[in-house]
Amino acid sequence: MNKISIVMGSESDLGTVNEAINVLKKFKVGFDIRVLSAHRAPDNLRSYVEEAHKKGIKVFIAAAGGAAALAGVIASNTNLPVIGIPIETKALKGLDSLLSTVQMPTGVPVATMAIGKSGARNAGIFALEILAISDKKIAVKLAKHRKDMRLKVTKTKIKL
Amino acid sequence: MNKISIVMGSESDLGTVNEAINVLKKFKVGFDIRVLSAHRAPDNLRSYVEEAHKKGIKVFIAAAGGAAALAGVIASNTNLPVIGIPIETKALKGLDSLLSTVQMPTGVPVATMAIGKSGARNAGIFALEILAISDKKIAVKLAKHRKDMRLKVTKTKIKL
Amino acid sequence: MNKISIVMGSESDLGTVNEAINVLKKFKVGFDIRVLSAHRAPDNLRSYVEEAHKKGIKVFIAAAGGAAALAGVIASNTNLPVIGIPIETKALKGLDSLLSTVQMPTGVPVATMAIGKSGARNAGIFALEILAISDKKIAVKLAKHRKDMRLKVTKTKIKL
Amino acid sequence: MNKISIVMGSESDLGTVNEAINVLKKFKVGFDIRVLSAHRAPDNLRSYVEEAHKKGIKVFIAAAGGAAALAGVIASNTNLPVIGIPIETKALKGLDSLLSTVQMPTGVPVATMAIGKSGARNAGIFALEILAISDKKIAVKLAKHRKDMRLKVTKTKIKL
Amino acid sequence: MNKISIVMGSESDLGTVNEAINVLKKFKVGFDIRVLSAHRAPDNLRSYVEEAHKKGIKVFIAAAGGAAALAGVIASNTNLPVIGIPIETKALKGLDSLLSTVQMPTGVPVATMAIGKSGARNAGIFALEILAISDKKIAVKLAKHRKDMRLKVTKTKIKL
Amino acid sequence: MNKISIVMGSESDLGTVNEAINVLKKFKVGFDIRVLSAHRAPDNLRSYVEEAHKKGIKVFIAAAGGAAALAGVIASNTNLPVIGIPIETKALKGLDSLLSTVQMPTGVPVATMAIGKSGARNAGIFALEILAISDKKIAVKLAKHRKDMRLKVTKTKIKL
Amino acid sequence: MNKISIVMGSESDLGTVNEAINVLKKFKVGFDIRVLSAHRAPDNLRSYVEEAHKKGIKVFIAAAGGAAALAGVIASNTNLPVIGIPIETKALKGLDSLLSTVQMPTGVPVATMAIGKSGARNAGIFALEILAISDKKIAVKLAKHRKDMRLKVTKTKIKL
Amino acid sequence: MNKISIVMGSESDLGTVNEAINVLKKFKVGFDIRVLSAHRAPDNLRSYVEEAHKKGIKVFIAAAGGAAALAGVIASNTNLPVIGIPIETKALKGLDSLLSTVQMPTGVPVATMAIGKSGARNAGIFALEILAISDKKIAVKLAKHRKDMRLKVTKTKIKL
């Protein structure tokens, strides 16, 4: 069953969003992925979010750039946790995406990650951290993942 | 008949939005005013925008602060012109509101004004400029308004 | 008859402005296009704006970069709606163009779009939205355009 | 049992953090609250985070300002979800806190909220959204909370 | 004879511009002062600039805030040196004024000073430095002024 | 005789500074050019500035990047007008250079131009505008230069 | 003997600089304090820095705001470590001071602290950390100071 | 014996850090170099910092990008001077790294250098300036190094 929904505002965001997808694949957690724009397809987005419960969705990940309303609009239609990935933009380098995603008004939180690929990867990991609270298997895998990461860092040898 | 719809994201935006209202009152152009949040009352906002045609609305003015999705979400539900007023915010002084309002994706324009009160006043004037294209009376009043403004500036005497 | 005037500050802005032109061509709405700088050819710009009425111009679109005074100077010489496109710049990436275009003083509004190509395309669409208020044909075309856009988004299939 | 841990970098952050506390109190969800600085008391912070499991902590909320390492350092010591609140600062207004909290490297996510009080309140709500995935009671309360919020917005009457 | 022209975009800029005036008064250099907006009174501004030669104007000082086109528009109508003072603004603190004044296109320079009162005072001094090139009396006074400034700084005693 | 001194902080600034040089060459105004760093060769810089009078220098042009102290340090050693060119930098794109050049304290003005090549070209033109006040020949050439610029702009034909 | 020299660009910086002074007083380390501007009293500043060795100065602390050249100019005249404090400014809140202090060119480092009072206090502590390398007494005091700081943080009790 | 410790958050920072290494090699001062992340390997980092005394480490240099906690976390575990190098980042160009490194809270100073390679080179030089206080040989070499730098600048000949 799909536990995580990944929504992106434009097909061109896939290069960034792939970082989240790769994490979920590695952890073998099911996900549903869509291109659905808050601005260009608002009705489809709303229907999709409202139907999410039935598909077993527990967490949303939303990636958008510029005046990035996507994550906020999803959050306005659900009480499930919504994680936002600010896409790097051509002119303002994602500062616009970041502020549009993070500066949400009282009552409608979006859990915002870093701009771009690091943020996308961390969105995947954060979604897993949420699921791990009530899913021991994911918790165990996360512990191993972190240990591996630590080992990888500490084993790095600098060649001068 | 109400020709202009003014929507604000929070009651606290009224201090700013009043600048737009005062212009419309002065020009005796009808308007409809609502507090309707893209994030906190998305369904009510959508219904309101979809019904606007029937009330004779020709132009929307939307004021919001922070991750200001309001104008963009209205624009995603109508082909009527949408004018955005970025509200000045406490921490980032409206830079967040400005970027969230102006950096709209291709296909869904929001005509963005300056941050805060000047922007609100200009939103009112810009709405009148749009109406004036097919409404001679407003056009005549706008010409007079501009002349008065010019006179006021040029008559200013500096006392040293 | 030309309904829309497109003015750019420099010939090098054409790469961006083309996005607006393509929209107007697609909608078969007549337009007049000029290179006219607020700073380098102020008298020619003023004459051009003052004569615009005679040519049937209803809306101005102005594109400029850096200390982008063009849209504001046009707006200071007409009561027709002026739409501003902030051109992306080499050093400050269009933040200078954006602030110079949007932060207009009370009384002289410029309807500002996003920095760069998205903004240019949206300038074209917004001009059409203004004309559509009193032009049914354009209104019908805009409705179709939006529907197509929506379909295009919702039909996108992600290949993982 | 305490389900949520709230850590702040300095006692002076309490004015902001209270917004999160009030949400948790309203929802009657237990929480543990500490002043523990990543920079001024690193060992105490680490011990506290490592012991959190035993106290039944499921989610961390961390508030800090300036070079705000607190949320990130907590996240580096746990796989539980960490929510970051960027405190508004005197000089840079919280832009420093925001970037220090949100721009986390790959592997160590911090779910960042808005700068200041809205962010703090949303941190509380987001923590509840996480718990609600496996706690029906909280889910029901959240649904009611959102409904109330919606009603409050839509009932607002503007007096002109 | 008036050698320096001081133009400000709004009467409210006088608090800042006074710093420039005080310098010119102290040096007993004649000046002409006007409120003339590039946006609200463009024709009056142009006429004024074109007539400046006849009044013996050698240097312009222009102060404006927000989308501050004033200095640039003056510079587009004269080959006399134009000095720009970016006025501090409410929301963006003068960053908008600074970029709108300094980021001028090739061919139309504006000599930009610091934001606010320091900038205004320096605008006065810089105008005097220009005049001093062909005016020995002003050069002598400037030398004395600098010496006094130096003495004042070096004589400061810190009381702990 | 050399009338204008051009100082740059690093040899690598020449690509930008050449824009100023080309203007001066075109106008056949003599200039002296040096690489002299405020930070790496402060004594040589000071001696050079103090000797400038003897060489007939009337105006300084200074180009530097990053923590760009060069123009300010020259201005602290002379009452001749100093024009600053903020060099575009790798990380912060010249925003650092701009603020370090323009935000001068009371008493020591630097006439700041735009970041990069436009700024360099305008530095040359502004230096000529200063000299033109007491040099008819340069004034006549400047008038012609501006006319040519205007013609060039207005003759631009857009090919669609 | 005075081991540390504190230089500030303006008497008005004393409110900030006092934070550094209080640290040095508490540690009973001798210091010399001056108002000496890089821009308004360059010769006095240079002489002072060149004579510093004779007074036993080991470390410089320099505080300045805006186009803050002070720390950099000191660093250009000595090989002793120079610590920079960016003063908070009225318009740009110290972002100008920070970039002017930290973005030094290759070869002339300035050890930059945070904007304002925290930065001033830390400048004092950092100067002590430098001295402590070859002064056991200061090292012992620093260890105690840190322990006290840690205790103070961990003993904070939150009253809800 | 190794006197300086260089720590970087990621192997990819080596391109920048090499600038510091080259300075230390040229001065023949011993150094220890590690990849140790505050976020991904916090325990290893802490152990390493606590053991540094035994290896004769006198100064730390820490390089990190984004939410750059590395230098601050080292500083929270030692009283030795810590020098921070903000790494240039893809999206925000190192502004995030700079603010995360420099805006440290009271009591835990990080001596911050410029963003990127200049900052790395200066980190090496600043570390040497600290050691030179109690090491005559390094002081002599530094004096020579500065003289060479000065000569190199002043000998630059511009070819036009």
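Think of it as A, B, C, D, E, F, G and H in the order they're written, each chain with its own count starting at 1.
As a working rule, contacts are C-beta pairs under 8 Å (C-beta built on N, C-alpha and C of every residue); 3 or more make two chains touch, one makes a residue touch a chain.
This structure is a prediction, so every number in the text was calculated from the model and none was measured.
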Both-way neighbours, i.e. chains that touch chain G and touch chain C: E, F
Counterpart interface for B-C, drawn from A-C, G-H or F-H and sharing over half of its contact pairs: G-H
Pair with more cross-chain C-beta pairs in contact, given G-H and F-H: G-H
Distance between chain centroids, defined by C-alpha means - chain D, chain G (Å): 35
Centre distance in Å when chain A and chain F are each reduced to the mean of their C-alpha atoms: 49
Centre-to-centre distance between chain H and chain E (centres being mean Cα positions), rounded to whole Å: 43
CA centroid of chain A to CA centroid of chain E, Å: 51
Contacts with 2+ other chains: residues of chain A: 37, 40, 66-67, 92-93, 95, 102-105, 107-108, 114-115, 118, 149
Chains touching one another, given as label pairs in label order: A-B, A-C, A-D, A-H, B-C, B-D, B-E, C-E, C-F, D-G, D-H, E-F, E-G, F-G, F-H, G-H
Residue ranges of chain A in contact with chain C within the complex: 11, 14, 21, 33-37, 40-41, 44, 66-67, 90-93
Residues of chain F defined as touching chain C within the complex: 88, 93-95, 114-116, 118, 149-150, 153-154, 156, 158, 160
Chain A to chain D touching residues, read off their complex: 58-59, 79-81, 83, 98, 102-109, 111-115, 117-118, 121-123, 125-126, 129-134, 139, 142-143, 146, 149
Chain B contact footprint on chain A (complex, rising order): 9-10, 37-40, 42, 46, 65-69, 72-73, 75-77, 89, 92, 95-96, 99-105, 107-108, 110
